[in-house]
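Take a look at the structures listed below.
In the two complexes below, chain A is the common chain; its partner is chain B in one and chain C in the other.
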Partner chain A sequence: MDFGILQQYGPMLLRGFGNTVLCWALGTIFAMALGLLIALVQRYAARWVRWIIQAYIEIIRGTPFLVQLFVLYYGGPLIGLRLDAVPAGLLGLTIYGSPYFAEIFRSGFRAVPVGQIEAARAIGMAELTIVRRILLPLGLVSALPALVNFSIILTKETVILSIITVPELMYQVQRMSTETFRYLEANLVLALFFWALVETISRLGRRLERRITRHLLTERT
Partner chain B sequence: MFSIPVFLQAFEPLIWAARYTLLISGLGIALGLVIGTLICAARLSPYAALRGFAAVWVSFLRGVPLLVQLLVFYYTLPVIGIDVPAIVAAVVTVGICASAYISEIWRGAIAALPKGQAEAAAAIGMAPHHIWGRVILPQAVTMSLPALINELILLVKASSLVSVVGILEITRASQAQAATTFRPLEVYIAAACIYLAINLCLSALGRYLEHRTAI
Partner chain C sequence: MQASQVEIRKVNKFYGPFQALKNVDLTIPPGKVTCLIGPSGSGKSTLLRCINFLEEYDAGEVRIDGQLIGYDAPGRKMSGRKLREMRRSIGMVFQQFNLWPHMTALENVAEGLIRVRGLSKRDAQARAEDALRKVGLGDKMANHPSRLSGGQQQRVAIARAIAMEPRLMLFDEPTSALDPELVGEVLTVMKTLAAEGMTMVVVTHEMGFAAHVADQVAFMDAGELIAAGDPASILHQPQDARIQSFLRTYHERNSF
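Here is the complex of A and B:
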């Protein structure tokens, strides 16, 4: 075992980590935005639109992320969609994450008491105002734990981007290990690193959750 | 443009390769059930050391991406002198990873059972192994069936990652097919269709079980 090489490859790994964080943050934000849009459209749109969206959700949730990336990155050029690795990875994360986020938002909206919305309608609020003032604030708070949870799951999915040559952490680690033949150390350190990262953000996430929901659930431990 | 004949031709080799996808996810869940049950037992045991071990096991395997786990396992085995075919390494990694999730599914199901069940069983004088074997476990297993089917669906999708260690399952076969035909779009969409078909069947099974076992 020799962990000295990590020092030499430090800057490269750091750049990779930067890309990982960037892909994760942007991918999560885009996927969440698209998911929210899907959940809202699904709530209000005509039935045939809802069917199309439901089909989209089933297709994306029923296929592996890796295969979706391959379709996008290698298949895309055949229908004129030429993307570099990083944009393709970001678009892939957005598409992959959106149906999961949509379902989370949908169940968050379902948790909003119907009486609240009826009361808002009774006092003559416009439908859009109801969404903005009642549905979103209440629905988002009850969706929060699941949102945090899925965002954490997405950090782990970012390593799959290395397979379509997005230069994130995993990709740099693979490059380092093919140059130095230190496959075991490199992957072991990567594993420990991810463990620490996921544990840290899930702890932060739980703290955030408690802070935002503290006025809601007093019986929660 | 999208070519229908190429798309249809891609199915034959991919369906052939789907055996490996099914084999890896099937054996993976079986192994995961065995190890996951042990880990769950350790997690609920009265010994702090066992509980600690199980907690670290679950936290590590759920915190590290499966792709990284696969590579760690794949490269560790030769170093410690174990020489097994890639497919064995893949099944074991998938199974170990699944064990962490399955132990949490068991734990959740056991925790969800009303306390009164075990108390009532104890009150009428059942021995602890009977309380577990006749009251708690049958109900917990029934309750967690839909969650286990869900885990199997996740494994079918996760098995696409074992393509990186060279196992010719659906994803790897579609890569090879795409390289020889130069038609990645049709081939990868065909691969996606096969995964979708498998998972739609599984989720229908899950809904059926959920319906049948609703308490």
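Here is the complex of A and C:
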């Protein structure tokens, strides 16, 4: 093995990693937001709306991300959706992640005891206020570990963006590999970067969890 | 204090094919305490929850001070806004307390004042403090529910309800989830409310409370309201065989 080559390719890999983190962060935020919206609509909307959304969930969860991205990037222009690689990648991540996040939020909401919602209804609180003040804060607490977990899974899905030429880490690693034939070194560097990212996220997640469950841990009844 | 009157007329409630309430008739007089008793599964909670329309009844009428709750006219549901308006004057206390665990005692009580009554944070806090002091929790206001005993949690729940200045209070087995030594502190608070002339409907297994505090006792069995009257007539000279057998079981369970 020869890691000397990194001197030459280091800056490029670093830039790639920066793009990876950026794509992951934005994609995760968008996917989470869409997932939250889906979960709320699923909870309150009319039956036929729920049915359509359920179909969306099944389709997205039932197909590989790679395929979805191909369809979006190469099929999009056919219906007038012409996107550059990065926006297409972000939209792809958003669509791909949203049903999983929606399910996580849904089960988080289900973990909120009905009685605590009824207590709010009984004093005449409006449904939207209940969502904001009771359902969301309590649902998020139960959903947090699963949210962090799926966000971690999403870090590794970003490598797929390389196939539509998003200049993230995998893309740069492949470039370096084909130019230098240092496949092993390049991929080990990639693994190291991802491990560092995942480790950081999971530490932050645990810290956040400790913070927001401070008051709930010793709950009785 | 203004106190509401509740009229329940021919109320029926179905869960699928199962009929949980059968033509229930009951008048709850203003400023009085009505205790609902009866065996498990007889429909006490269901009836209580029909009064603030947490449970939708299928036929009949529930009127609060003459106003039908839940429906504009028979068969036509009332708007959410109107229902919320009516619920503002009805307090409810649950068996499981149902405090919001992410808020302190004070925040639990102030929440409705701010979000429902539209009070400023400052006014809401002042009123919440008054309510908490009234239930004897002046020194626990900053505690989260997880740092309160069951009895204290239930008293916060009562404070949360009375801070809204209701004209009617509904209690669903408020002491059933409590250790025996904590029951007294909650009942004491309820007696204070009763003495102030609050209309109260209390589902309870505390026969002592029913006998000493209630102005009216109503007995339910299998979805029917069997009898209602003053405590003595229901608890001491019951005419109906079902009440006699219920009381016998109760006495047997509580003797040793």
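Things worth noting here:
The rule is simple: the second predicted complex is superposed on the first by the 217 of 221 C-alpha atoms of A that agree within 3 Å, B and C clash if a C-alpha of one lies under 4 Å from a C-alpha of the other, contacts with A are read in each partner's own complex, and residues count from 1 in each chain.
As a working rule, a residue touches a chain if its C-beta (ideal position, glycine included) is under 8 Å from a C-beta of that chain, and two chains touch if they have at least 3 such contacts.
Bear in mind that the values here come from a model prediction, so they are computed numbers and not experimental data.
Partner contacting the larger number of chain A residues, of chain B and chain C: B. With both structures placed on the common chain, the touch criterion links A:84 to neither chain B nor chain C. By the touch criterion defined above, A:116 lies against chain C but remains apart from chain B after alignment on the C-alpha atoms of chain A. Judged by the touch definition given at the top, the superposed model places A:215 against chain C, while chain B stays out of reach. Looking at the shared chain after the overlay, A:179 reaches neither chain B nor chain C. In the superposition on chain A, A:170 makes contact with chain B only, while chain C stays out of contact range. Of the two partner chains, chain C is the only one that A:126 touches; chain B does not reach it.
When both complexes are aligned on chain A by C-alpha atoms, no chain A residue touches chain B in the first and chain C in the second.
Across the complex, chain C meets chain A through its residues 52, 54, 80, 84-88, 90-92, 94, 96-102, 111-112, 115-116, 144-147, 150, 153, 157, 160-161, 164, 177. The touching residues of chain A, counted against chain B in their complex, run 58-59, 61-68, 70-71, 74-76, 78-79, 156-157, 159-160, 162-163, 170, 183-184, 187-188, 190-191, 194-199. Chain B makes touch with chain A in their complex at residues 1-2, 59-60, 62-69, 71-72, 75-76, 79, 153, 156-161, 163-164, 170-171, 174-175, 178, 183-186, 188-189, 191-192, 195-196, 199-200, 203. Listed in rising order, the residues of chain A touching chain C in the complex are 113, 115-116, 118-127, 129, 133-134, 137-138, 141, 215-221.
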